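Worksheet: one structure, shown below.
First chain written, first letter: the chains are A, B, C and D, and each begins at residue 1.
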């Protein structure tokens, strides 16, 4: 009788993905309980084809369990028809446009670190994404209205909100692993300060999550019933923990290094722990990316800007690795990805409840936020349902910081549905990183919009008073 | 490292209980994972002593697992000091006063069925209970502020609300098994209409619970991911399911029989399923207990009034049974009580998450209800925390019916803290069962209050304008 | 430049009215500042014609000032086209149907006093009215979207709410003089207990009004800055003020007599003064109309039921009086009607601000009530706008009583727009006067609906599960 | 019977004022309806004495009407005892400290224009003010709890909020004339674009005001029932209206010149008209004061920074003028001040209702703002009461900008009552003008606090983690 005896159909939109898809293939091949078909659809069919090949190759390995078949398809309809699950994981617009999202603001002294959530880059990226996601929602309504849809694309909040705005009955949720990093960090403190043999696994660290994606906060953290905040309070007073980094020592670091200095700073100021990487956190407030003359000032916080050349290179090189693995030129090893997508699917199929943080429209989990706005809190996954838990209130000033973005995001989605560029500019202006004279802000906005306008068909550029 | 390796201390207030305590002893003796001491405190020390004896006797049986010791104590302090769990399960005031709660309104044509929640009897019972529960909250704050407190006493909502009003940081929750009956009923439908070999166990029936204790509602019910509402819709159209009962056929029935006719009626009218026994439901609306000339009209709904003699007799006889069992005159058998208290304790100790319905102050789980009012919804129990899930909205008219009682209960608690009898009378008047001329209502109220005034010390009866 | 130099056009829907129209004609003829045309439209053209004749006759009298012409029209369009003001004052359905609204519930032991607001009769009347008012709103949107619309029809709340639901930008408000009676009563207390030469005029009594039409409350009352509540508190303790009336002494009284006993009773119980006539108040709570065996029990409160024969007779006779006046058989005298309609129009035209109580969708004036629900509070009228003032909160239990009706009314309007009879029945059941077994309630509802079904075209009677 | 026949007592705190007091003296001397005594209290007794002399001299002039006596007192108690009205109009801390509020941030590149509301200077000023206003509230509660208190001191919102937080039953309101400027501007448009002989007086321009002090907005503006927004829309497209100013042309301008360029800019961006001077508006958003290298960039918006020397000089010179007038060296002429204080007092005494914008705790007038936060909307003044009108909603992004400050202000008041410097720093950090690295922000904050610490006795500086 169990749902899992049935062969599942998964429709993967963005199935040519160079990152997520491979993690997914890795994870699926290690899951004993599920089997079925994964339909890979991508506007770059060749990329989907590559993943089809890689996926089936992985399944052919001895260590692979379960029984999965990957199929690249040319029509999206084929991926969605009667799907049990839909995965959305796309690059909204060409990678080169993301590079522009980063480059152009730098000319105006605004240095985004990640550039896919908020800030000038995140805002323009949202503008590109909303029409795409409206289209996704319409397609899901038509082809598989009862499917569970998992979104991995950023800007997470805007994507998830758009799906619900277009198709309110959609069973969609947004997943992000940023909070995991904070859990791992807390686990390391347990190992460091308490007399335990082994570092707890990160999912043993029980945290109460609240906020919006990439700007989530934790006001309760326990391991086996023991409060971890006293541990944290001790940690931040340890010699050398809270410190300034020098440009010199940052030079050799990975572009993605996280030294928690922004986390410590916000924790000290607001008394509640931010739960996302520092590279994300700095984009939500104007206090870290501001020194216009010296982008290296960011190093002081132990983080780096990621050069676009590096991003592009990395993007281009990604497929080669998998090619080499299939050719035996490089070794392939199953990894424990730490991602929860498969576990979530299993829980929704009735194979065991699980709790994790997830992005969903607010229906009471954050009573101080507007109803319907997408927030990130813990939720329990069980058969055929996701139940957000009530996350409670926030300190007033943290609420203040979050609400600014919630209103901006709500405004962007409204603007996207109306095609109203001037309304989108209101959100752009109110982004805390946009500390420009309004005319300079307008110029920046116009330059960014013009650069990506081929992907803004649903927006009424023509009648905008913001674009001259 | 696990909490459960520690010997637990449970403080049981009302430890002379004739019902709950025995179920608890039964359940605890079958739980392998826990061990410790149960301190039984009761204002009737002899009753506690009886339960101590019975509890230890049960533990001495071969089939008993775990290691538990029962100890009756004469001072409440001893039961509470450093307790890990506190159980509150009392009779608020002498059983004879409950009889009066039932008898007096009947003279005014108001026939309460259970009389421990709302209605004239529930209201006066609440008045007796609030001072007692304030005192409990103060004692817990003093002796074991970090203990988990489980309340089983009715009126559930008012008791739980009082605990939080007096000691906002208390870790208390209220438990009630009424929803289980609805789950069992739905399980029986699965067996009846679907081709399954065995009736599912009631906890396999996944329901979304919302409302207030004894007036909870379900708007989602699934078994293994399959929607049960179509089943219900079919059921209520089956020949003979919805029908009127005759007084004749009710005569031989148990006083506690439930034929679901009130449930069906409310479901048909409001499109959402009430999830409490019919005997409880009828007390919340004025449509079932109204025919003043003929209390037997209640039979038409397949329920009966419980005579006070029967209640008193049952109460008096209860201890004898256990005495006989200990003496070997009657066989003792462990039963599967179906209660969840032990499982909840285990979950809170970190021995596995569980989901169930529970009474807690509203912090978003029911966004349409006032913040802080005690509501009943699902919650997940995990190590050291209870996370209510967001239960969503109610149809407007169900919200309307519930809100009437929420406001009455909030008013009663406020009145109790102020000792303001006139304010309590406002709640009394607005109870849907009080369809009396205001002067008659006042007379009824006064008669009831006078009868139980020895237990209303904290109330300012002297200055009341309602009492003449 | 002033708007008033322009000739106004007033479109009067229900222009054959036997009551309001004559007051209006009287008032208009005494207003120096305005002039123009009044277009009288009525489904009973002859009635409109009678009022045209009467209106022009009044204008021809020497004492008449201003310059007004009355014109009965056969097409509603003609009355509305480019009107500056629209007056809505109709009898929703034939007077005989209102008689049925009263008669049928009496068979079930429910004795409505006025029967045009809530209760079984008010509910069925609302069902007849909603389709008519939707149609009015559509016509106003088409013919005079910028006109100010004044509603006098009951049920006031439902009528006003329907106008806004159909045409959200409408400039409509609902007027009722019930609060004036309470002001006059308070004025009489000033005269009685304070050393003043003359009773203040009722509009000198400053009151803070809040609630819903016919169930409004006052928590502040001043005359020339002096608090009147101490006066009221003194009054209710005076010998003979609060007392029971005998059937004998009520016999000779007018059917409309108001002895304030219900007002006193509610004031004593809830500590805030109800501000509508007792005949209205008793319909909102179940405490006065309940003694099913003896409708005369109402006399105890100093009010009477109005026999239908009397109502019908009065309705039939009304035109004759005016006929006699025009024929010189009876004297005509201008009266000070005490109505405010003309003053409100003048204020909206810029001829002086005024404050009064008015029915409008809630936009903050009652922060505890749902947004958009029609509430009655004070508002200031000034040129081209009505500004409701914030009326503040209510004691919890008064809020409780009002909210029950607010939700019922919201439900009725929603039901009316959907044509959903079963949803309307939910509101019917939850009316506090319906203390019947649900099946008896259903029978009553069905009987009432069937009786008036010719006027329920927009309702889907066919598919209702409530109607068998 | 009228209140006005009574001799009034006005207690003026800050009675040595160099600005407001003189306007007040001027206005009072021209008011026929009122008479009484004005008690001037100031921590600088000599200043109060000067005003006493000046006030009585003005009253001695032939043109002075009414009968008023001015009395400087050395004890505050004497000014307050049984006062009918209390006026609060102080300089919170020495003028030199205000100069510091302006100077220090400039070292960090933050150029405040007015520096008494928000921004770094406004925040620190608030910190100085809260303890003073708590003390005022306590004194009023003690000496004249029924008096009407009018506040003129900035930061207006924080002052008014503090009064209510300390003494919730206080009858206080905050007055500010900034909106008058916007009305005058709109009046000038009427004259310019419509064929009217004379410019309407500013109070004929009917506007719907909403927001917080100095950051108020208008979404409705009419003159004699005619909508002024089309006029505004025309105006901003006229040649030369919206333009950039050059430093050269600004040099000769008054330091207080307002060219409406910021107003136009915000209106264009957000579609709703800001209603405060540009010098105030620029302090609420980060778009105008940002160019750290060039404070003159402000000139582009047609506004200037006010040098501290000028402020100090002006402050020092003010008394001399009045001295000269009394000596006959300079002519004294009554002016029409345009202030409304006297009219408000008259309305509260029952001498005619009036509508104006006023600062009061939110009780529904702005349904989207937190209850109790001080907001600025229209209200009607009538005998013994002020009734805020419901101002309706704001466009989401304007709400967003305002809420940021509302939360900051609520946080500041909470911090002030707790003496919690670290909490105050949270508000400081979240001020939109503080676009500094958190450490730089901390340094700025510390420097400012240290400089004014003699006036921060009620704050716990010692235990602050923000101050090192």
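The working rule: a residue touches a chain if its C-beta (ideal position, glycine included) is under 8 Å from a C-beta of that chain, and two chains touch if they have at least 3 such contacts.
No experiment lies behind these values; they were computed from the predicted model shown.
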Minimum number of chain-to-chain touching steps separating subunit B from subunit D: 2
Chain centre separation (subunit C, subunit D; CA means) in Å: 44
Sequence positions of subunit C contacting 2 or more other chains: none
Interchain contacts (touch definition) - all pairs: A-B, A-D, B-C, C-D
Subunit A contact footprint on subunit D (complex, rising order): 265, 268-270, 286-288, 290-291, 297, 395-397, 399-401, 403-404, 407-408, 410-411, 414, 422, 425-427, 429-430, 432, 434-438, 441, 465
Subunit B partner contacts - residues on subunit A that touch it in the complex: 1-3, 196, 206, 220, 222, 224-225, 349-350, 353, 355, 363-367, 371, 378-380, 382-385, 387-393
